[in-house]
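Going in written order, the chains are labelled A, B, C and D, and every chain counts its residues from 1.
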Amino acid sequence: MADLSTTIHKLELKNPVLTASGTFGYGLEYDDFLDVSLLGGIVVKGTTIHPRQGNAYPRMAETASGMLNSVGLQNRGARYFATDIYPKLTKYNTNVLVNVSGSTIEEYIACAEIINELDHIAGIELNISCPNVKEGGMSFGTSCGSIENVVSAVRKVYQKTMIVKLTPNVTDIGELARAAEYSGADSLSLINTLLGMAINAETRKPVLATITGGLSGPAIKPIALRMVWEVAKAVNVPLVGMGGIMNATDAIEFFLAGASAIQVGTANYIDPTITLKIIDGIDSYLNYHKFNKLSDIIGCLQL
Amino acid sequence: MRKTVQNLKVIENLQLNDDHHLLQLEVPDQLETIFPGQFANLLVNHSPGVFLRRPFSIYSVDYIKNTISVFIKEIGEGTRALGQTPVNSYINSMFPLGNSFTIPNEPEKILLVGGGSGVASLMNLAQELNKNLNDVYILIGARSSADLVELEHFSQYGTVYTTTEDGTQGEKGYVTNHSILRDQFGQFKRIYSCGPEPMMRAVAAKAKSQSVFCEVSLENTMACGFGVCLCCVTETIEGHKCVCTDGPVFNINQLKWQI
Amino acid sequence: MADLSTTIHKLELKNPVLTASGTFGYGLEYDDFLDVSLLGGIVVKGTTIHPRQGNAYPRMAETASGMLNSVGLQNRGARYFATDIYPKLTKYNTNVLVNVSGSTIEEYIACAEIINELDHIAGIELNISCPNVKEGGMSFGTSCGSIENVVSAVRKVYQKTMIVKLTPNVTDIGELARAAEYSGADSLSLINTLLGMAINAETRKPVLATITGGLSGPAIKPIALRMVWEVAKAVNVPLVGMGGIMNATDAIEFFLAGASAIQVGTANYIDPTITLKIIDGIDSYLNYHKFNKLSDIIGCLQL
Amino acid sequence: MRKTVQNLKVIENLQLNDDHHLLQLEVPDQLETIFPGQFANLLVNHSPGVFLRRPFSIYSVDYIKNTISVFIKEIGEGTRALGQTPVNSYINSMFPLGNSFTIPNEPEKILLVGGGSGVASLMNLAQELNKNLNDVYILIGARSSADLVELEHFSQYGTVYTTTEDGTQGEKGYVTNHSILRDQFGQFKRIYSCGPEPMMRAVAAKAKSQSVFCEVSLENTMACGFGVCLCCVTETIEGHKCVCTDGPVFNINQLKWQI
């Protein structure tokens, strides 16, 4: 058994496998399938200060090796989370992080303040990259100025680990990563979904009610890997890589590109126990290649 | 029973007609109760065009043989691959998922209305209702007589009526025009329906106008099947609800259908 | 038989199916497989003023529903093209376009000037979106200013149809499309490949000699469709859509999103006769849905 | 013959050992001459992880039965799927592709050196050389005796020597250490080699040092197989050349190998 532990700023993870926001509910939905406490951590569903109904149905389109979604941050709001959901999560013996979103900087702040009060929440992932909401979301993540505004504002009210989640829908992700680091991010996670679209040729209508949606799954892995590698060169904070990870080999590729931990997203839908298989597979890889610890391969792509 | 993911062995694959298959799947673990209306989410192997699982109602359960059956209508790459799964190979299955139809406490006179692959979720229901001594009537519509499959199976559990669009069997026309809905509707205490949405809406409108209890089973597109992706929502009086966990069965009074 | 003809500026195409640069050689390589003259047109390999050896091997990595390439515009130069290749192409009874690239604006101009002399070449596709060259290429296509410089400079020396090919590796493709239109593009084609990366976990090395490469194939179709739709809203010039088109249904989706013609790229590798099947399939679609002509569906997505 | 894309029927699938298969494919159109060294690019169906075609040398040609054979070593998803193609199903094949080995005008004493799946491109060559009355010697290396397949077939066309890394058959060690390369190398007028690149480089170095004519067959990764993607290049004295069209066979003097 290799040493799989890793760190994201002050967070100690027993292993580098987290779950991606929006793909793992609150963990509870997986209790039938696996022991959530075995994971390095979970990032719960995107949370906003006010309850949100999300977008109209249909919200999903299958694509080649991937899927589009346009859920639009449906959630019952930070207060409901704190009173009704959070108490159920304290049973988990692992890091629980909350993905925080908002339409205005004030909303981000208000949401982060509520989460800041919850002892058992190890950190937040600041979602400035949701492509499925009309206001805020991704628009905060596509320019250095707006990144600086929202990240530094939340930094003031949130003391624990703050990961900033970047959008891939940009010309130069390295530059935006530097803006987030400079504004106080303890870590960066990437990538959120790529803006895409599906059309039903028979009905001649968009498949999604919102016309466009976010692309996830193995289709985007090459883009995600490239961006992790670019951002790793641009910043010094630890990175959490994701985008199309389906198995341990995919995860290893992200570590080599420079990620200190990874998140598994869409793959959870297809195999709800995939995270445990990935943890095992990473261990096998390290043993087979005679590495004692995960940190031996982080960022160790041989050029 | 709690949700599981298991490799189920195909022990029978009955081709019902050109594009309908009935697969009997052997469950390695001891089955616990599966309720009528619940579904399974099946993994499709060897299909480059299929990425996500595919949901199918649990058509019937055999607790003695420890099997579940699914009824598959081939409409695309995923259903074609699954429908043609050879006997003795395995299908990775996530089940049982979703809620179920409400079974009355006392025997009642009940009508089931199904169309297309929607009939699949009614078989397990018909069986259960019959076991509880309800007086069950089953109305099934199809394009043509060739698409009316499993009628014998249904008739073990109730009285079967049919419609076909081309008139090759039963009454000619849409299921929603069947005389039983016109002439005898008032006699039914409950209506359960599953099939194309326009059909269910028509049935629901009829039920609503006469204040008859009515449940429908929805088939929204799904990514996960167990309540985490929030892709499968339908509008209800309490806001968006997931068809995969709050449904697939909804009382029509919960839905925001304009009927 | 429906009327499949379409126009791109002054170009009359007998059908809307072109081949994407870099995936169809000079057409000649396909003579064994199909009658190239049956196509709406072909866009030949990226051409530069000076011969280029391209990048080192390996140049290809297979990915989920796609591939990465880092060819890097290997070609024998515009003069060799004009003297040795061009004469062989005059046999084709269809539109032959040349994909023009360069490291500096002067190189673009010099290359376009040579092509401008070739009677049988119907137009050029200005490639300001190649992700696989160190200088020029994509860097011209990621800011409005540089797009304006290169497009307006080439416009001055090139009289026939000039299509400008956009890169998807940008934050706001609509804005860049407007810059190209404003600078004199007769048409825009999109998308070129998405910048991606592949890593071999066993060797812990990048798969490509250049580390990153361009992603093509069905994996990128949702992104391409979205961009065509966005650009269709932003400009008035006709669009040529591409990205992951594998069959007629895919092509129809691009027409609905707003493309007047489409290009087939990577699919040609898998089935060299695919373009003819796509032409037939478009015809069947129009007949089945009772449209008399292709133009009835261009941009007709129902919202 | 000119390049074609056809569905070829698998009329025989011989499992040679754990992971080697020999597929005989029936060609509907009349075969014209296929030269030794040419290859086919095969489409893999039903494999979600495989997007592009997979190249395989044409192992042998039967102009009477109008078939070609390919020898498949399973190393990944594509080769596994192809190796397990059932008899009577079809494989969409693009062929013949690439150049070919140079056949001497007069009979000569010739050595073929192959390793791994590289032996596949040597069978058709051995047969052709034998037909032209050359004096053919075939040296084949493998990990272990179980991996040495088709030796009987080869021995119809020449004298076969073997090496295994574990010493279970022939001389122990790498093929490049075989005594024939040490003791009798000077006797050969030509060397043809196909296999792992380090092996071919060692053979090429030997040939170069003694100025013996030597051709090698390369296996670069390919996207198209017919010269349009420019992904498969190798460095030659005339710059980048495509392995799929200018090769796969190269005279070692053309290559920029540091040997």
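Throughout what follows, contacts are C-beta pairs under 8 Å (C-beta built on N, C-alpha and C of every residue); 3 or more make two chains touch, one makes a residue touch a chain.
Here the structure is a predicted model, which means the values were calculated and not measured.
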| said: Give me the step distance from chain A to chain C, shortest route via touching chains only. | reply: 1
| message | If each hop has to land on a touching chain, what is the smallest number of hops from chain B to chain C? | response | 2
| Cα-centroid distance, chain C relative to chain D, in whole angstrom | 36
| request: For chain A and chain D, let me know how many angstrom lie between their CA-based centres, rounded off. | output: 47
| chain B to chain D: how many Å between their CA centres? | 55
| query | Mind pulling the chain B residues that touch 2 or more other chains? | reply | 48, 50
| field | Interface hub residues of chain A, defined as touching at least two other chains | value | 61, 63-66, 217
| Mapping chain-to-chain touches, which pattern fits: line, ring, star, complete or other? | ring
| task | Let me know each pair of chains that touch one another. | result | A-B, A-C, B-D, C-D
| query | Which residues of chain C touch chain D in their complex? | reply | 22-25, 29-30, 32-33, 45, 53-54, 57-67, 69, 71, 74, 217, 266, 268-273
| chain B - residues contacting chain D, complex | 46-48, 50
| query | Where on chain A does chain C make contact in their complex? | reply | 61, 63-66, 68, 142, 169-172, 194-199, 201, 203-206, 211-212, 215, 217-223, 225-226, 229, 244, 249, 252-253, 256-257, 285, 297, 300-303
| task | Over in the complex, which chain B residues touch chain A? Could you list them? | result | 2-5, 43, 49-53, 94, 220-235, 239-240
